[in-house]
Amino acid sequence: MTALTKQQRASITLVTGVIGADTHIVGNRILSMALEKEGFNIVTLGALTPAEDFIKAAIETAADAILVSSLYGQGELDCRGFRDMCIEAGLDDIVLYVGGNLVVGKQAWEEVETRFTDMGFDRAFPPGTRTPDVVEKLDTDFQSKVSGTA
Amino acid sequence: MTALTKQQRASITLVTGVIGADTHIVGNRILSMALEKEGFNIVTLGALTPAEDFIKAAIETAADAILVSSLYGQGELDCRGFRDMCIEAGLDDIVLYVGGNLVVGKQAWEEVETRFTDMGFDRAFPPGTRTPDVVEKLDTDFQSKVSGTA
Amino acid sequence: MVALPQLDADDIPFSAARIDVDVFDIMRAKNLARWPTGAEVDIEEAAAFHKSLPKHKRLGWVMRQADAEGRCLTQPRGGFGTLELQKELMICLDQQGQADIVPTTTDSYTRNEQWENAARGIEESKKAGRSMLNGYPMVNYGPKVTRQLIEAIDKPAIVLSGTSMPKLTCEIGFAAGYSGYLGSGLAYTSSYTKSLSIEQGIRNYQYLDRLAAMYSDHGVELHRRQPGFLTGTNIPPCIAILTCIIDALLAAGQGVKNYGLELGQTMHLVQDAAAIKMARVLTQEYLQQQGYHDVFTPVTSLHWMGAWPHDEAQCEALVAYGGTLAAIGGAVSVTTKSSHEAFGIPTPEANAAGLRSTRMAVYLARQIRLDALPEFETECDMIAKEVRPIMDKILEMGDGDVAIGTIHACEAGVMDIPWSPSNYMKSRVMPARDIDGYLRMFDCGDMPMDPDVMEFHHERVRKRAEHENVSFDHELAVASVYELSENLEKLIPFPWAEK
Amino acid sequence: MVALPQLDADDIPFSAARIDVDVFDIMRAKNLARWPTGAEVDIEEAAAFHKSLPKHKRLGWVMRQADAEGRCLTQPRGGFGTLELQKELMICLDQQGQADIVPTTTDSYTRNEQWENAARGIEESKKAGRSMLNGYPMVNYGPKVTRQLIEAIDKPAIVLSGTSMPKLTCEIGFAAGYSGYLGSGLAYTSSYTKSLSIEQGIRNYQYLDRLAAMYSDHGVELHRRQPGFLTGTNIPPCIAILTCIIDALLAAGQGVKNYGLELGQTMHLVQDAAAIKMARVLTQEYLQQQGYHDVFTPVTSLHWMGAWPHDEAQCEALVAYGGTLAAIGGAVSVTTKSSHEAFGIPTPEANAAGLRSTRMAVYLARQIRLDALPEFETECDMIAKEVRPIMDKILEMGDGDVAIGTIHACEAGVMDIPWSPSNYMKSRVMPARDIDGYLRMFDCGDMPMDPDVMEFHHERVRKRAEHENVSFDHELAVASVYELSENLEKLIPFPWAEK
């Protein structure tokens, strides 16, 4: 797999935000800034964003992926049914990432990951994820889309 | 069980020392000082005392008990056969205590204790033992001797 | 400056003035009616209960006594989603952790007054057998049930509810027997909310402070406390202290006399000691200036509030050093974290271990003080030079009314906060660490900082950029967010091995 | 003073003079013949091996470089009874622990030259599948096999062999490729032995130092180091420093140029910083006075060497603070412990965690120094006032020969050490902590301390006795032995609860 060029990334629109009643904006803002710098087209919703607002924004901007942050521990409650809401809204194929401190307390990451992929997220990212890792995964997941359009 | 009086304790002779190539004298010295203050008759052999010297001293002073300290981790090697040596020397009934950091590393105390009582020690004392606990055990173990002579 | 238009919230004009008792009664009645448990609140009964507690379970007294005796008390954070879990937790923190002050953190639904969601969280937690909420849903349980928590411990208890909407939670908490409450209008609204106006946040806390003063009228001195740690992310002392002063003036306006100031640690021994000293000095300076001569303002120092490393051994150093910084800095209490910080809410045991490690560090700090160190004195002077011009400007922008001045100042970026989620803050100020590990302002945004001061900040941060051979730009601020969470291989590699 | 009668050991008169090369060759031949592996030692081959190592694996260079760059390196302790276990341990400390200097602690049989017992220990360890020895039996394995340990790591390695009989171990260690060796004649003999005379101990270390100097002649600068921590039990700085000076003079006499000074931490931030500074200043003062102008004497600070608490959380604070004390004190390296300390030799993982926690603390200490703090200056002056009269007296007692003076001084109690197991030390000096947590002398025994100095010590300790409402007697010294190992309920209980 090779990294995408900035030009290729410009055709990819990502919606970012922090879900639920969660105020932890720092990581989400740094992530958004970094992805923008790497060439992606970013729509930032900021902290304290209800699930519906992510979907509305994704529709409005014809986004390719939604990147949900959840840090405060209640993500497990907030993210339930997120994939279903996407499908209901006609976003059947949208790529869904979730990252942060997704559950309450220190739990085994493998279990947490499964819990979120079972919920319909394409990828879940553990606490401490750095931005280059996210870029790499996006490049991988959008390889086909970009080469398809190339 | 009631505590012995200082007068009763004066009839009890205890040999103390640190066994083997072990230089840790501090706890042993504090223990010896404390037992002396509480009325026991103490024979101190100090640090770096070979097993044979304990037994020699016990015979010479007609001691009632030997209190072996071992801190440096090699006590398990140094204390092997200590009870047999006592028996060979005719000290069949002498009370044997051992205390300190008896083995190498942090091991479950129950196991360590059994290892040393199996070797023939009447009591083994874990790291961090304070002197009043030792006095209490001595008083208990010599209750009958003292009331016998009373 | 023109006065702001009168908002409809509670139908009184917005200002720093004390809420009239008759108006307040109406406000309370409306507030308590918002959720069934509100009906259980009876301030007479509650005051009697507080008075029935031994002194050492009343935080107002405990903070004054600790200050008088030169102690540094320990306090953790902690909240779980059900009464049973919360009780176990508090007993563990009291006994196993030897906490001097026992907390109850509320969950984020409660903080956002989403009590239906909180109810769902309680059910889910019971079903899952583990907490699905990040705190205790105090409003849902109500004061009567919650009082069991106060009775389960032998220390004073404090409500930790990071919210701009504390109005019902504080009624429930005080009625239950909590004698401390953390939170304030400017600090929390700027750091914990997105679309709530600063004005509304201040109004909500004026309610809380007015309520605390009402307890005083009933003979119960509660401890109110200001969360000057803000967004927890590289807050330079001057910014924290500005919010301390503002929120303290607002609280004093409502009649509060026992008002703690919280500062997140910068993790620099000298800077933290200077910040702790100057927070109290400068807050008192403005309180006196505004005519409040009898407000007690002890300082609480908080374990590192930014991102933590993922290595527990590294975290242990942050925990222990946090005790050192608080005690040597002369803080009256320290709020602790644990080696689980980067992963999630700690288990009661990990939380208790963090408390004990901190407590030992406090013991080891003895009575050491840095007051006579020239570097400390320089730092104190620097903080004063940073704070005074801005604070004076804020008061000026409100024609002497700190509430109104604050709103204008936030709008204009005169008062600003780094990494704020709020739509009402510019959040243009950008801190970064300097060559010596001090937190400085790389960019002060629109804050009217003295040019000499900024010159100094820039010079120090530039030194760092040169030393690290990176360019002098915003990336320094981002790197400073990550810094203390980096692994040791990055922070101090073995210096000489061939690559 | 009359010269001591000439002992038969190695047939040369006892003095501080350098051992003649021809005599030394004979001594070495005799020494190496004591155990089969001695025959494997070939100094030419060994020197070539040392030179083949990259600079960063040579401790002589690493200590100089760290000092020049103002770093505080980390080093653990660690030894297990078999080659395999030892290799695993060293790799773990190097990689997982990120140790800058990797140790090999020898077992106590080796230290006492009981190589048959050590051989039995190796067998028993292999059988039991766990280490039955408290260290690595280096002599039994010999230099060729032991070199595998040097090759397994990417850091410099040091031999830690608390013994007064290092003669064969040092030959093996240096030949294997160790570039550092901890130990000295006065310090170890007074603290690790009972019936060996100080004179014999000094002779044995003169051998070691002479050997190190011989490596210099072969172009290899080894790092020698003095264990000024002594019995680890409440050693006041002046006593540690006196032994540093004496042993440094003895080493310099044999031609050593790279000589580290180790100080156990007192656990008081100001006292430790003062001790670290003054150890170097005063040692240099006497080295210069005696005509040694080019001896490099970096200071190593050691984590608390007295009794540790049985609560791992409390220990974590001692570990982290140990990093803080060393770094703020300006030590060139810090020797670490772990949260297992009170229980037994740590697992490799616990040892590595202690290293990382310390390393993080070193990072957090930044470049903070206390030099300009008046309390620090006072303490430095006090140390100088304590050390000089006694050191001058010791030299006088030897008519200028430090070796002979030391023997007389120990006999007379002019040089004394607390809690010593040695029959050759009076061990009448009794330290105790004072009201502020400084280590003071409750009783200076027969050490010729300045009356003003003792007045000061007594006054401070008396203040503590008054504060704790106990009598001013030897029990204060015993309580001070236990102090830092007490549980927190005893050290700082919640102050106000009803009993």
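The chains carry the letters A, B, C and D, assigned in the order they are written, with residues numbered from 1 in each.
Everything that follows uses one rule, which is that a contact is a pair of C-beta atoms (placed from the backbone, for glycine too) under 8 Å apart; a residue touches a chain by one contact, two chains touch by 3 or more.
These figures come from a predicted structure and were not determined experimentally.
Each chain gets one centre point, the mean of its Cα atoms, and the points for subunit B and subunit D are 31 Å apart.
Centre to centre, using the average C-alpha position, subunit B and subunit C are separated by 55 Å. For this pair, subunit C with subunit D, the centres built from the Cα atoms lie 45 Å apart.
In terms of which chains touch, the assembly is arranged as an unbranched chain of neighbours.
Chain pairs that touch one another are A-C, B-D, C-D. By the touch rule above, subunit D contacts subunit B in their complex via residues 107-109, 111-112, 114, 117, 120-121, 124, 130-134, 162, 191-195, 231, 233, 307, 310, 340, 342-347, 350, 419-421, 478, 481, 485. Interface residues of subunit D facing subunit C in the complex, by the touch rule stated above, are 54-56, 62, 65-66, 69, 71, 98, 100, 154-155, 267-270, 309, 311-314, 316-321, 323-324, 328, 352-368, 370, 372-375, 436-437, 488-489, 491-492, 494-498.
Here subunit B touches subunit D in the complex through residues 18, 20-23, 25-27, 29-30, 33, 46-48, 72-74, 76-77, 101, 103-107, 127-128, going by the rule given at the top.
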